[in-house]
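In what comes next, subunit A is part of two complexes: it sits with subunit B in the first one and with subunit C in the second one.
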Partner chain A sequence: MTMTTTSTSTTSVRKSGNRLGYRFNVVGILGLTVILSWALVAVFAPLIIPYPVGEIVDLDYFGPMSHDFWLGSDYLGRDMLSRILMGARYTVGISLAAVTIACFSGVVLGMIAAVAGGWLDTILSRFLDALNSIPSKLFGLVVVAAVGSSIPVLILTLSVIYIPGAYRFARALAVNINAMDFITVARIRGESTWYLIRSEILPNIVGPVLADLGIRFVFIVLLLSGLSFLGLGVQPPYADWGALVRENIGGLPFGAPAVMFPSLAIASLTISVNLLIDNLPQKIRDRA
Partner chain B sequence: MNNRVLSLVLSRLLIALITLVIVSFAVFFATTLLPGDTATILLGQAATPEAVEGLRKAMHLDEPALFRFLRWIVGLLQGDLGTSYANEMPVADLIGGRFANTLKLAGVTALFSVPIALTLGITAAMLRGSLYDRAVTVLTIGVISVPEFMIATSAVLIFAVYLKWLPALSFANEVHSLSDMLRIYAMPVITLTFVIAAQMIRMTRAAVIETLNTPYVEMALLKGASRPRMVFRHALPNALGPIVNAVALSLSYLLGGVIIVETIFNYPGIAKLMVDAVSTRDLPLIQSCAMIFCLGYLLLITTADIIAILSNPRLR
Partner chain C sequence: MANLVEIRDLKVEATTDSGRRVEIIKGISLDIADGEIVALIGESGSGKTTIALTLMGYARPGCRISGGSVSVAGKNMVALGEKERARVRGTEIAYVPQSAAAAFNPAATIMDQVIEITRIHQLMSPDGARAKAVDLFRALSLPQPETIGTRYPHQVSGGQLQRLAAAMALIGDPKLVIFDEPTTALDVTTQIEVLRAFKSVMKAGGISGVYVSHDLAVVAQIADRIVVLKGGEMQETGTTDEILNDAKHPYTRELLDAFEPKPRGTAGPTEPAPAPLLKIDTLVAGYGPRQADGLPLVRAVKQVSLTVEKGRNLGIIGESGCGKSTLARAIAGILPAVDGSIHFEGRELGRSARERSREQLREMQIVFQYADTALNPAKSIEDILDRPLAFYHGMGSSARIARIDELLDMVRLPRNLRHRRPSELSGGQKQRVNFARALAAEPKLILCDEITSALDTVVAAAIIDLLKELQRELGLSYVFISHDLSTVQAICDEVVVMYAGEKVEQLASSELASGAKHPYSKLLFASVPKLDTGWLDGLDQRPELARAFSKAG
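Let's look at the complex of A and B:
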């Protein structure tokens, strides 16, 4: 049944004459543009910042937006624009690393559980469900209290927190595929578990899994920012966007731009990812 | 209620209990991973080895980790939460009043967010595709995709800085009148309500739309029932289970929100206590707070599951 739907959808896309076979709408492209530009900023930040990050360049603290300092200055008089551009490295980099580890491990474990079944499936599911019933912020707090906060610890903690979700999602998809005839045929042919996972199941769940990766990326960005805001994430002298809000929270009663712009940066990234996921071409999203 | 429902509910409770054991295991061992010896940290660098050894004995630190875990669990069950490292007060005394404060905050938030979210969610589902529905959807997606502290800071900017209705990041401990009470609770409750209501609206809307797509609702439409009758008589009673499930699940987001909100508004609740304990590395306090949070979370999730089981007519 899947095979017929897939083949009809490919033919219909081919008829539309689009070479890539993917049709995006405007909102999706907008989201993708914002995400790509933040990615570029993260890579090239040291080249494009107008002032060095650590240097006090404004005599005034919590300075307003001006010609010299586009986004104002922070609580020490450092240029806010430079700090936000550099902050993109930490927020985007850490979240991307964490989401990659989380989704890779979750999806591999999920497919193994679905294909192998039996006691392995039961134990894995029970254990990861238990992990899932620890609230994510609390988990972060406890780990940071125990081993202290550094960037590798943050990446690992964030990925461990989101493995159960990725596992559950991938397992549910893989269990559906596992019941299909072509899997039974492959089993009768005597193919190994590894072959089943790699060549039969993975190609059929890759679209939804990628969409899920985007959603999980948003969760991780939000959790990382939340932890940094509590002072438990990225530690000074480095600062991601959450830490920037924390540093400058004293400017809130004056409505300083230094408080709002890091939050706006987070919002622009997360909302863009959500928009992109919601407007992904049907072909990628609903492949399974 | 027949045997099948009863056994499903019982198995769900059993799973919750097993989960709680695994969670307590995780919390205990995560906090004992701390590099360095607790006794040395407590006594400082200048302590003599004899003093450190004495304290280790007194705190049972020389025993295997499993024994200490069992001792800790038994203590928890008997209501002995241990002694805080930071100020040597019993943890139970530290938590007591703070816990009540957090519950009050959560209760007031639920009181506001549940009716608002249900109204918006159900009406948006009824008018699906309309401008109103799209506005609600965009708003909820916006609130869900931004961090909680951004909602809190925006609320402060709007209500305290520009409108000057409420004090900014201050918290008065003495409450003299109703207006004091309102001023204290207004900002945290507004922030939390936004966070919780957005989740709840999304889930409620999805639950009602799912019911509106069923054949029996289509049947009601075809036989000529009016739109309100179709929704209130045919769809809503069947969507009630999923909706209550959604409410319980969204309330579990209170836990995450409360940590940020109590910190930013200096509210003397248990989450603030825990964040402070993390910065002073006060392990017994962290363990107890973490267990309370996990217990609350598990309670809400399990309730949601049990409601979903009870409301499923196919199991009755």
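Let's look at the complex of A and C:
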């Protein structure tokens, strides 16, 4: 079995020019590993947390790192490790959902605008430009303050904020592809707009779009953490990483691990995503 | 006496993206005497430009001169340091690039750029340099030599800019000038003036030259000796007369054969067709906003009428900007015509492709000039050919696979090519795939928009042969658009000459040279270089006629 897979993969590599040759460099692998571990943590958090997240288990508050509490305890004496592991669910989950919605709608709208052109393009572009002109933090604050904070509201708000950027990016790429002769050929073959964007344009912009998705994910993680820090994100007793920083900000003068580690978690995730997209395999990056 | 240039066993290496080393010049030895013009000829990738650049001690990024010596006027350019090389460039060896438009800085006046070399090398005072530049402008027969230097590059025509690039090269009194395809981007009528100017200046100054080109007929006019290259190796060398009349090497003969127009044999069965296949009546098309009279601002096609009979081919010929490609786009419905009508097999077609039925779109296909932009780089050849089969004919998947094999056979491509991507094919192969995609629709008419212009002569000749063969087998008709008279002659029964958006004349392909009545057609046909060394000198062409029809004067 192993033999056959190896031989087929090598022949197909030779035949179709590195079809399966997704070669990463070390930095890219490092980034990917960190992201995957956080993803695993998010999925299996309830199984691996040593203490329930809401329970006060330490007699001390802002307790130091110890054998019982690896990352110390927070301002109420709750176990920090458990809270960070559970926080990954909110931070990674909400951001992932928001970035998926934002990039999917932005890229689809962008490609439609590029292919259709004319009044549709003008209306979409001006509308999304107008949306873009509202400062993202202010928009998030106003919406969450007005509607109240819940996870669906957070996801939708974050995705609406980042749709215009994804739209602009995809439209700029798609306009370039749209000017190529093979699009003209498909058009006068009588193909529909849907076929044009799905089969002719999307395969040619997927590399940059993936890179853009990574950057946008980082922005969303930071904005979500920012909102939570301001108290408008995930509501207690649950907390994402931003909320953890806010809760324990009082521990900062004592150098409590409770405020350091959520910050480190945010940093590790965002930096890893940046490392990964900067070091995507040549094969994906070349699809420009 | 030592020759001006002595190249001995020159080798140039290139490093590919995957880090592999490839030898692109494999041991070339070449001499150029004082005052001699040597042409390097070959198809793209033959290494002709690479060799020419080594004369300045330069190798393009990723390339490296890996062996041999290039001595120019006693200096070995390979061994010189970068500073010494810089001192030689412009004063002893000068370079005229292919695209003068890209070589000039659009933000500075022409005069400043022409005399820049004298300033860098401190050869003479700025006033002296300007006076010398004006003399050169005069020698290159540029209009208004005293004032043309004060203009900016966009204010002169392409042919004039190319001559100004030559003036820039000549101002430092070089011993050797390298011309890198200087007339390839020009129209034939402009090309003549430029060639004439180059030739007279070079002869008057006794300057040696290296003329890089793929066009044997152009080279025949200007070169004393021709070196035929292929794949980085010298195939044959000899005086121009020897090469043209007594070529020994099979590759040289192939090049010569590809040039000779093979007149289209018996013009297909002339059965009395009830209605012409395609009939265009007073078609008007253009760009820009509509004006008060309902016509667009720029009318690229003005009131053109023509007909294509079934099984016959119509050529459309004219210079760049004459509206021939716009005409093809209007016929195909890519750019909807604003006035006039298009009838296909007796039925009127919608002006825009959107208004046409799928069946109407299927029966008329178009093949574009640039083979690489017409193929989706993200798809395999199989997927590209698969789509029209599924779209137009609704074939099942096994029928499609079999049909793709047939199509690849038809265009003479190996079947195992189907899994490759367009970037893994050569230019000629890509154009064959484009053609196969058009054939997949089983059309009655194929619009060929300059399909051979971006290809090498030998490759283009093979494509033309393929087109003829397919026509015999499938009973197709072609509308063949080109600026190249010999390819049009090779495939078409009738030829339409276009000038400034209008149809000037329609002639049978056999009587092109003799039967032309309109002065523009005469000028155009007379401007096509012939494989004859005396053609340019013996050409009796009234310059005022050429000027009357050249766009920017």
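Convention: the second predicted complex is superposed on the first by the 268 of 288 C-alpha atoms of A that agree within 3 Å, B and C clash if a C-alpha of one lies under 4 Å from a C-alpha of the other, contacts with A are read in each partner's own complex, and residues count from 1 in each chain.
Basically, contacts are C-beta pairs under 8 Å (C-beta built on N, C-alpha and C of every residue); 3 or more make two chains touch, one makes a residue touch a chain.
On a predicted model such as this, the values are computed, not experimentally measured, just so you know.
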{"item": "Partner chain in contact with A:Pro135 - subunit B first, subunit C second, else both or neither", "value": "first"}
{"item": "Subunit B versus subunit C as contact partner of A:Leu252, first or second or both or neither", "value": "first"}
{"item": "Contact breadth on subunit A, by residue count: subunit C or subunit B", "value": "B"}
{"item": "Partner chain in contact with A:Glu191 - subunit B first, subunit C second, else both or neither", "value": "second"}
{"item": "Touched partner set for A:Val147, first subunit B, second subunit C, both or neither", "value": "first"}
{"item": "Partner chain in contact with A:Glu200 - subunit B first, subunit C second, else both or neither", "value": "second"}
{"item": "Touching residues on subunit A, where the partner in the complex is subunit B", "value": "126-127, 129-131, 133-138, 141-148, 218, 222, 225-226, 229-232, 242, 245, 249, 252-255, 259-260, 263, 266-267, 270-271, 273-274, 278"}
{"item": "Subunit C - residues contacting subunit A, complex", "value": "332-334, 353, 356, 358, 361, 366, 368, 370, 373-380, 387-388, 391-392, 419-421, 424, 437, 441"}
{"item": "Touching residues (chain side subunit B, partner subunit A) in the complex", "value": "15, 18-19, 22-23, 26-27, 30-35, 141-142, 144-150, 153-154, 156-157, 160-162, 168-169, 252, 255-256, 259-260, 263-264, 274-275, 277-279, 281, 283, 286, 290, 293-294, 297-298, 301"}
{"item": "Subunit C partner contacts - residues on subunit A that touch it in the complex", "value": "15-17, 180-182, 184-191, 199-200, 203-204, 287"}
